[in-house]
Amino acid sequence: MDALVPLFDALLGALLLWLAWQSIFAADLFRAVVSFMIFGLLMALAWVRLEAPDIALAEAAIGAGVTGALLLSALGRLPRERYAEAAQHILSHSYWLLFWAPVVLLAWFLWSLEAAPPSPPGLGEMVAIHQPAAGVDNPVTAVLLAFRALDTLLEIGVLLLGSLAIWSLGPSPWSTGPAMPSPALPAMARALFPAFVLVSVYLLWRGSHAPGGAFPAGAVMGAGGVLMLLAGARPWLTGGEQGPWRWLLTLGLGTMLVVASVTQFAGYVFFQYPSDWSGRLITLLELAAGLSIALLLFALYLGGQPPVRWRDRGWQ
Amino acid sequence: MSLVEWLGLLMVLFGLPFFFLGTVGLLRFPDVYTRLHALAKGDNVGLGLVCLGLGLQSGSLAMTLKLLLIWILMLIASATGVGLIARTALSRGVRPWGL
Amino acid sequence: MTFYLLLATALFLMALYGVFASRHLLRRILALNVMSTAVFLWLVTVARAAPGLDPVPHAMVLTGIVVTVSTTAVAVVLVVRLRASHRRHDLP
Amino acid sequence: MFEIYVIASLLLMVNILVGLARVLKGPTAADRMLAAEMFATSAVVILLLLATVSGEESLVDVALVFALLSAVTVVTFVSRFWIAGDSGKDRRAGGDS
């Protein structure tokens, strides 16, 4: 069995390299996108092999969900030529020389790593010492929402900025026409939607003591929203100026800011929680962040400002 | 190992060939419709047997239910997905093989 | 562990070439995504050298994945808009 | 018993490697998508087997997320890429779209 695990790694690595090559250099653009989606799938396995189930979960939720949907939708809007010209490269081969510099640099880096394997102290022990004060059992959640909560705040800020940028570009470019390919689609969406809600609530709940948390939960819920949209549901997220959605989009950012400022006024440092309240505050933040991450990812998928009134999309 | 665990192992081992046969079908069958048929076997029967077998071995009710949920979700997704692709291919004029 | 470092390096270099050399913008976005994945792979692999499991790089990578998603979404939408308004999908 | 599962997951990886030929060949976009769907199922099984081998329960959650989201990809592919694209191409070539 000991010989089998390196074999598994080698096979995984070879597949990853081949798929990355295909997704960058394949002549057919659709083949490139499909290769990229399979690349994401196998990256989840690589994260599992590297003992990072949190990242595997996030990669699975985002790669198979919103990113794949976004790339496929964009490809549907681009003209379907043979992409012969798309495979063209704009650099002549002499530019390969430019790439020898990083190659040499990285080779030197690898060699020095091999020559003197570092024994970095890491921050694992420090996290383990302070974790009881954070009030959650999962160290990654503790880092994300207690020790480095500022990063998470800015991350949600980036998501919000991204959807602001997309909305400012105009109305959604995806066709909202009558094309409903099959009457089975709405039925499937109705059957699956409770599962989406169930799984994301489960992931949110698990985040406090095991891999999971606000981001995978939000990503699953956002993908559920995309599925419902494609199945002809009329989302209540509209382009009108009235309605609760603007508040909900900023819910995560707002709650984090409010919590941070209130604790600061109470005499603590920015994002330092009173220790009796820590667990409960983190749960609150996770709930708010998960909800607004789901909405923000859905808004990112829309690719533009949603219409003021959604049209009905029945089966043709 | 108890009898139930042996049964679980047997089911997993019975489930795996469906995936290999699915790949053979995917590579060897002549058109989209027949390939859909090959694919659905792996999704439905293969995954079902593996989930049931691992569920029998896990020995905990919550884990077994989770594995069953995975199977049911895959069943729903693959049943509708296969129908969707076949219907669209037909309406776009992809000819079934031999017609 | 060295194996995954080598893999990350190879992925990074391949994607770096792709970012500069491809003409189609969507392909550049894909290359950029592969590149960020390579960086994440590098981070997590190096973090494993520490005794015990270091959760800080994991949290950093999680944050990075979210940021990558938002930049990818904005870039993809920009490509679609560029195609619609100027009938081209590459940079002049 | 666990050795059998490790071997099985290795074989499933080889299965994916062989199946990549369909992604390479096509000929229609649907064929490539089908291959990707099959890989998703294989990855779910690999994750379940590895979860049993390592006793790490969270891998089952990853498999659950994959199983749930596999529908999203197919539906986007059909309704936003295949139908939304220019029609009539399949009819002429009997493929190659």
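Here the chain labels run A, B, C and D in written order, and each chain numbers its own residues starting at 1.
Going forward, a contact is a pair of C-beta atoms (placed from the backbone, for glycine too) under 8 Å apart; a residue touches a chain by one contact, two chains touch by 3 or more.
Composition by chain, UniProt nomenclature: A = Sodium:proton antiporter; B = Na+/H+ antiporter subunit G; C = Na+/H+ antiporter subunit C; D = Multiple resistance and pH regulation protein F.
On a predicted model such as this, the values are computed, not experimentally measured, just so you know.
Asker: Is the C-beta contact count larger for A-C or for B-D?
Answerer: A-C
Asker: What is the distance in Å between the mean C-alpha positions of chain B (Na+/H+ antiporter subunit G) and chain C (Na+/H+ antiporter subunit C)?
Answerer: 32
Asker: Taking each chain's centre as the mean of its CA atoms, how far is chain B (Na+/H+ antiporter subunit G) from chain D in angstrom?
Answerer: 11
Asker: Centre to centre, by mean C-alpha position, how many angstrom separate chain C (Na+/H+ antiporter subunit C) and chain D?
Answerer: Chain centroid spacing, chain C (Na+/H+ antiporter subunit C) to chain D, equals 22 Å.
Asker: Identify all positions of chain C (Na+/H+ antiporter subunit C) at which a residue touches two or more other chains, and write them in rising order.
Answerer: Not one residue in chain C (Na+/H+ antiporter subunit C) touches at least two other chains.
Asker: Got the chain B (Na+/H+ antiporter subunit G) residues that touch at least 2 other chains?
Answerer: Residues 69, 73, 76-77, 80, 84, 88.
Asker: Listing for chain A (Sodium:proton antiporter): what residues touch at least two other chains?
Answerer: As it turns out, chain A (Sodium:proton antiporter) has residues touching two or more other chains at 75, 77, 79, 181, 185, 188, 192, 195.
Asker: Let me know each pair of chains that touch one another.
Answerer: A-B, A-C, A-D, B-D
Asker: In their complex, what parts of chain B (Na+/H+ antiporter subunit G) are in touch with chain A (Sodium:proton antiporter)?
Answerer: Going through chain B (Na+/H+ antiporter subunit G), the ones touching chain A (Sodium:proton antiporter) are 69, 73, 76-77, 80, 83-84, 87-88.
Asker: For chain B (Na+/H+ antiporter subunit G), which residues count as touching chain D in their complex?
Answerer: 1, 5, 9, 12-13, 15-16, 19-20, 22-23, 26-27, 32, 35-36, 39, 42-43, 46-47, 50-51, 54, 57-58, 63, 66-67, 69-71, 73-74, 76-78, 80-81, 84-85, 88-89, 92-95
Asker: Per the contact definition, I'd like the list of chain A (Sodium:proton antiporter) residues that touch chain D in the complex.
Answerer: Those in contact with chain D are residues 1, 4-5, 7-8, 11-12, 14-15, 18-19, 22, 28, 30-31, 34-35, 37-38, 41-42, 44-45, 48, 53, 56-57, 60-61, 64-65, 68-69, 72-73, 75-77, 79-80, 174-175, 179-181, 185, 188, 192, 195-196, 199, 203, 206, 210-212, 216, 220, 223, 226-227, 230-231.
Asker: Tell me, which parts of chain A (Sodium:proton antiporter) touch chain B (Na+/H+ antiporter subunit G) in their complex?
Answerer: By the definition above, chain A (Sodium:proton antiporter) touches chain B (Na+/H+ antiporter subunit G) via 181-182, 184-185, 187-188, 191-192, 195.
Asker: Would you tell me which residues of chain A (Sodium:proton antiporter) are touching chain C (Na+/H+ antiporter subunit C) in their complex?
Answerer: Contacts found on chain A (Sodium:proton antiporter): 6, 9-10, 13, 16-17, 20-21, 23-25, 29, 32-33, 36, 39, 43, 46-47, 50-52, 54-55, 58-59, 62, 66-67, 70-71, 74-75, 77-79, 83, 85-91, 95-96, 99, 102-103, 106, 110, 113-114, 117-125, 127-128, 139-140, 142-144, 147-148, 151-152, 155, 158-159, 161-163, 165-166, 169-170, 173, 215, 293, 297, 300-301, 303-304.
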